[in-house]
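Each of the next two complexes has subunit A plus one more chain, namely subunit B in the first and subunit C in the second.
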Partner chain A sequence: MNAIYSLVFVFALVLIPLFGVGAAQQTYFFGVCVPWTAFLIFLVFFTAKIIKWASRPVPFSIPTTAGQQWSNLDFIVHDKYDNPATTGQTWIRMILEVFAFRSLFRNTSMRVAMKDGKPIVGYFSAKWLWLFALMFHYAFFTIAVRHLRLFLNPVPKVFEILETLDGLLQIGIPRLYLTDMVIVAAVMFLLLRRVAVPTVRYISQVADYFPLLLILAIAASGIYMRYYAKVDVVAIKQLILGMVTLHPVKPIPATIDISFFIHLFLVSTLIFYFPFSKLMHLGGVFLSPTRNMPNDSRFVRHVNPWNDPNIKPHSYAAYEDDFRTPMIAAGLPVDKEA
Partner chain B sequence: MKLYNGGIILAGLVIFLGLVTMPVWANLGKPAYVPQKLTMPAAPNDKACIEDKEIMRNTHMQILDSWRDAVVRDGKRVYINRHGKQFAMSLQNTCMKCHNNKEEFCDKCHLEAAVTPYCWDCHIAPKGKKQ
Partner chain C sequence: MAKVPNQADLLQSMNYTPPAKGWMDVPPNLAPGNWAYPAKAEKVEYLGFPNPRQWSPADEDWKLPPDWWQRIHEGFKERLGKYRSLQVFMDICVRCGACADKCHFFIGSGDPKNMPVLRAELLRSIYRNDFTMAGKILGRLAGARPLTLDVIKEWFIYFYQCTECRRCSLFCPYGIDTAEVTMMARELLHLVGVGINWILEPASNCNRTGNHLGIQPHAFKDIVDFMVDDIEEITGVRVNAPLNEKGHEVLFITPSGDAFADPGIYTFMGYLLLFHHIGLDYTLSTYASEGGNFGLFTSADLMKKINGKMYHEAKRLGSKWILGGECGHMWRVINQYMDTMNGPADFLSVPTSPITGTVFKNAAQTKMLHICEFTADLMKHGKLNIDKSRNAGKVVTFHDSCNPARAMGLLDEPRYVIKNVVDTYVDMPAQTIREQTFCCAGGSGLNTDEIMEIRLRGGLPRGNALKYVQDRYGVDTLACICAIDRATLPPLADYWAPGVSVTGVHEMVGNALIMEGEGERTMNLRQEPLPGMEEEEV
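Here is the complex of A and B:
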């Protein structure tokens, strides 16, 4: 049901620019006002959320310890990047996490089987999620970077190289981008996983389906523009550069196909939605105490920042000093006789 | 409000905001963008392209693709446009005979859109006219 709601919602989002531009001809509103508003909301609320998170104290030292801890016994092999002890090792752990999704690599699936009439539980390595998640994120990133050709003038040479590499197979004209195929395949996988695996479907919310469907719709409209509708790229570049130089072109070139406004509206929705949704894991991954803290609690004392500094540590010896007489009177054992 | 590890978090935040707003500051102070003026074929050639200008602008690559397939696969070498005019389906002998200044026509557009057609690995471009 959640999946259906999300699908209907994405359809509704397509209809807005379809009528707004197609029937009402509000090209300026959809081509300049909506994207800029969405972008400003993104900047402000993204910043606000990071500041909010940064102002939260971390009470305990809680890194996940996924390997052997450091020890001064030299026959114990320290697992440096799964249980980092120093800041340097923690940096490497973070970099591996961000670029290679290392914790997802440990994803497992559980199955119950019968053996000799008794149920046994088995855990299996499940790398599909890791693989498709990685493919999805890299394809998305490459596409976003490639889009900069529409935002920069003159376009630096790297973008031509990127275009050549992405279209390396030289399939069709315009050349088929490999990332276009990868992003659609990967989003489909992530979506099907939520729909087809009962346990995952059970915990999937609208907030899980909606971003996936929205990104799928964005990719689909982009692909439609490039390979089918054949939009006027030069006119679109004029619109975009007018927008980013704060000198919007007026009137909006009439040759721009409506599919562009749909694409742009869906993208605006995505970046507007971003700071309020699970997509904030973009910033959140860097602020995860389970990942960004070294496991050094054996040699560095982690002081809970919300401790009241007026409350001093009170040792057992001091406690016994306070209550020695009543304790002896009650027959309790004491370390030091009066 | 007190920030924990504020220094590094703010540094990261500033880098991120700098990256996402890059198109804005990278274009600061640049003159407003006007699409390049293209050098159009000079007389005595025909005044019109093989199809209407708007069609050419957006779909010339698909036309070229269909030409290539028609010639190389089907041996069909004549193209009849929607006005009934005939053209030889050839990149070098049709397009580039009229658009004989590649640098000032095809390349100008492609540079702005960061497209690098690989056709010229094999096909020979006409030598651009020097002023």
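Here is the complex of A and C:
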């Protein structure tokens, strides 16, 4: 049901620019106003959320330790990057998390089989989620970077290299990008997994299907523009450069195909939606206390800003007052004789 | 103890296919057996917690205060402001499900609300409703739902079906720690007087008598004397076990469970033998006679209050540093909370082994050393006189307790100690040990018998791994470094891997130590004949 809702939403999002540009000819609204608004909202609310997170204190040092601790016993081998003891080691842990999805790499799947009426709980390596999630993110990232060529004039050399690499297969004209295929395949996998695995389907909400479908629609419209509609990239770049330099071109060149406005509207929606959604894991992962702290609280002081000095233990004196007579009778030392 | 189904029936009832209805529409099962007994009014009152009363989760009316909604809402808001962990974990879960089948309670039941992600959603759905724009506008479409009495009941069931073991957090791509969420949810429930007796009674006992079991000082002395007598009977050596004495170098603190129940007492005797063997200048304390801290399972404030005794006592006694015994959650508190809450303990010095001279810089701030670190160092330096043959015939495996594993990383020290005192050691499968270890299913104050079925279900992954090495390698001994484990693993083993006995690491050390001036050793600390001595039994 949640998947259907999301599908309907995404369809509606396609229809809006389709009519808005197609029938009502609101090219300026869809080509300039919407993207700018979305971008501003993104900027403000993304920043606000990061500030909100960062301003929350971290009262305790709570890293999840994923390996052997560091100690003075040199015959015991410290697992530096899964249980970091220093800031440097913690950096490496974070880099592994962010660029290689270290934790997800541990993933296993569990199955209970019966043999002679007795259970066998088995754990199997399950790297599919890791693999496709990684493919998805790298493809997404590369595509985003590739888009920068539309924003920069002249286009720096690195972007051309990136494009050449991405088009390495040398199939078709225009060149087929690897990342286009990868992102579609990976998103399809993530979607299918959500629908097909009963437990994952059970936990999935509209907010889980929606971004995936939206990204799929963005990719699809992008691919359509590039390989089928063969849109007027020169005019589009003009429009975009106008936008980023705050001198919007007017009128919007009529040669721009409607598919571009659909693509742009969907991207605007994603950008607008981003700060209010789970996509904020992008920022959150950096602030997760179980990952970004060294396991050093036994040898480096960690301060809790709201630590309440008025919380005191039930004192020894009160304890002795409570039990002095039997303590003396039992021959236990006391601070105050009765 | 509540009646528990036999293995076949229990396995039959496990079903990993989620129900057709969405989880928000599935009410929790409030039948007895699904919850631990609620806290007694007098314990709640003693701790100064709100709303002490007599009530039962089976009743329709839980007798919450009239402003319960307000209290939870305000309490939630306050904690979102105080804990970055909570705020971030509420915002960033992508529901990828990587954590789903990592929880022992899910594995043993198939109940979808035991998937860590859904357990956290029980709270997150309220967060969205009360604190996010999308939730306020879109409601259920955005995964939000209002806070109702039924939600409180659901929280009570599922946040007391989480042992705060953190296994889920190991696998989460963002490190979302459902244990942290559970801790927050339990704090919220306490605001309206919803808590369990198995946690609040030990906590209040600990506050007054110094230990969970409510053992008063003179009784504690009797217990220690009794152990000293037993040791003399077994070894012919009368060990010295000072209590509450000032001016000793080391204060030794261990969980009181080991002073009380089988098989923990043998571990305690192991400590006494070890300290005597090396001539350690130490004292025990009756005031700080508890290493464990059920405050960790209650609230940050209570944890701090209870933990404060350790430094308070070390200062009063003039000790130089503190040595801590085998305990799981105690070491989470010491490693991750103690110095922050009650430090800095400048009056203590960096733990230094008086025997080997090793300076334990890794405990430079807390001034508190783990007994396994201490013993491993002694062994490495050849300071212990050991006769492994006393443990001959044992095939030993080791259960990593959740907290030393995932909130500290004490993995190889205990293994090193074990391998020095036994001939045959094997590990359980890799996915069930070390940082991936499975809980005994009785942690975080859930080691009570009225929820035995829940515990045994949650014990399936550990029990099954144990059964595996039992069948394959003939493992007959399960070693652990936790007093709760020593209470919870025996029934677990009896159910899932009958024939395996549970032991503390220092029990085996105690057995292996050749004491100066000892008589012929014919019995182990359990007063069972040693290998080769069986025929001498009459």
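FYI, the second predicted complex is superposed on the first by the 307 of 338 C-alpha atoms of A that agree within 3 Å, B and C clash if a C-alpha of one lies under 4 Å from a C-alpha of the other, contacts with A are read in each partner's own complex, and residues count from 1 in each chain.
Note that a residue touches a chain if its C-beta (ideal position, glycine included) is under 8 Å from a C-beta of that chain, and two chains touch if they have at least 3 such contacts.
Predicted model, so just to flag it, every value in this text is computed and none were measured.
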Subunit B versus subunit C as contact partner of A:L43, first or second or both or neither: first
First, second, both or neither for A:P57, with subunit B first and subunit C second: both
Touching partner for A:V234 - first (subunit B), second (subunit C), both, neither: first
Which partner reaches more residues of subunit A (counting touched residues only), subunit B or subunit C: C
Contacts of A:Q69 with subunit B and subunit C, given as first, second, both or neither: second
Which superposed partner A:L287 touches (first subunit B, second subunit C, both, neither): both
Residues of subunit A contacting subunit B in one complex and subunit C in the other: 54, 56-58, 287
Subunit A partner contacts - residues on subunit C that touch it in the complex: 7-8, 11, 14, 16-18, 23, 80-85, 87-89, 91-98, 100-102, 107, 112, 115, 117-118, 121, 132-134, 141-143, 166, 169-177, 180, 207-210, 216-218, 221-222, 243-246, 286-287, 300-301, 304-309, 312-313, 316, 334-337, 339-341, 343-344, 358-366, 368, 373, 376-377, 380, 405-413, 416, 429, 431-432, 434-436, 460-461, 464-465, 467-468
Touching residues on subunit A, where the partner in the complex is subunit B: 42-43, 46-47, 50-51, 54-58, 148-149, 151-155, 159-160, 163-164, 170, 172-174, 230-235, 237-238, 241-242, 244-247, 255, 283, 286-287, 305
Parts of subunit B lying in touch with subunit A, wherever the complex brings them together: 1-6, 9-10, 12-13, 16-17, 20-24, 26-28, 30, 32-35, 54, 57-59, 61-62, 64-65, 109, 111-116, 118
Contact footprint of subunit C on subunit A as seen in their complex: 5, 49, 52-54, 56-62, 64-73, 75-77, 79, 82-83, 85, 97, 101, 103-104, 106-110, 112, 114, 117-121, 123, 129, 133, 197-208, 276-278, 280-281, 284-285, 287-291, 295, 297-304, 306-308, 311-316, 319-320, 322-323, 326-327, 329-333, 335
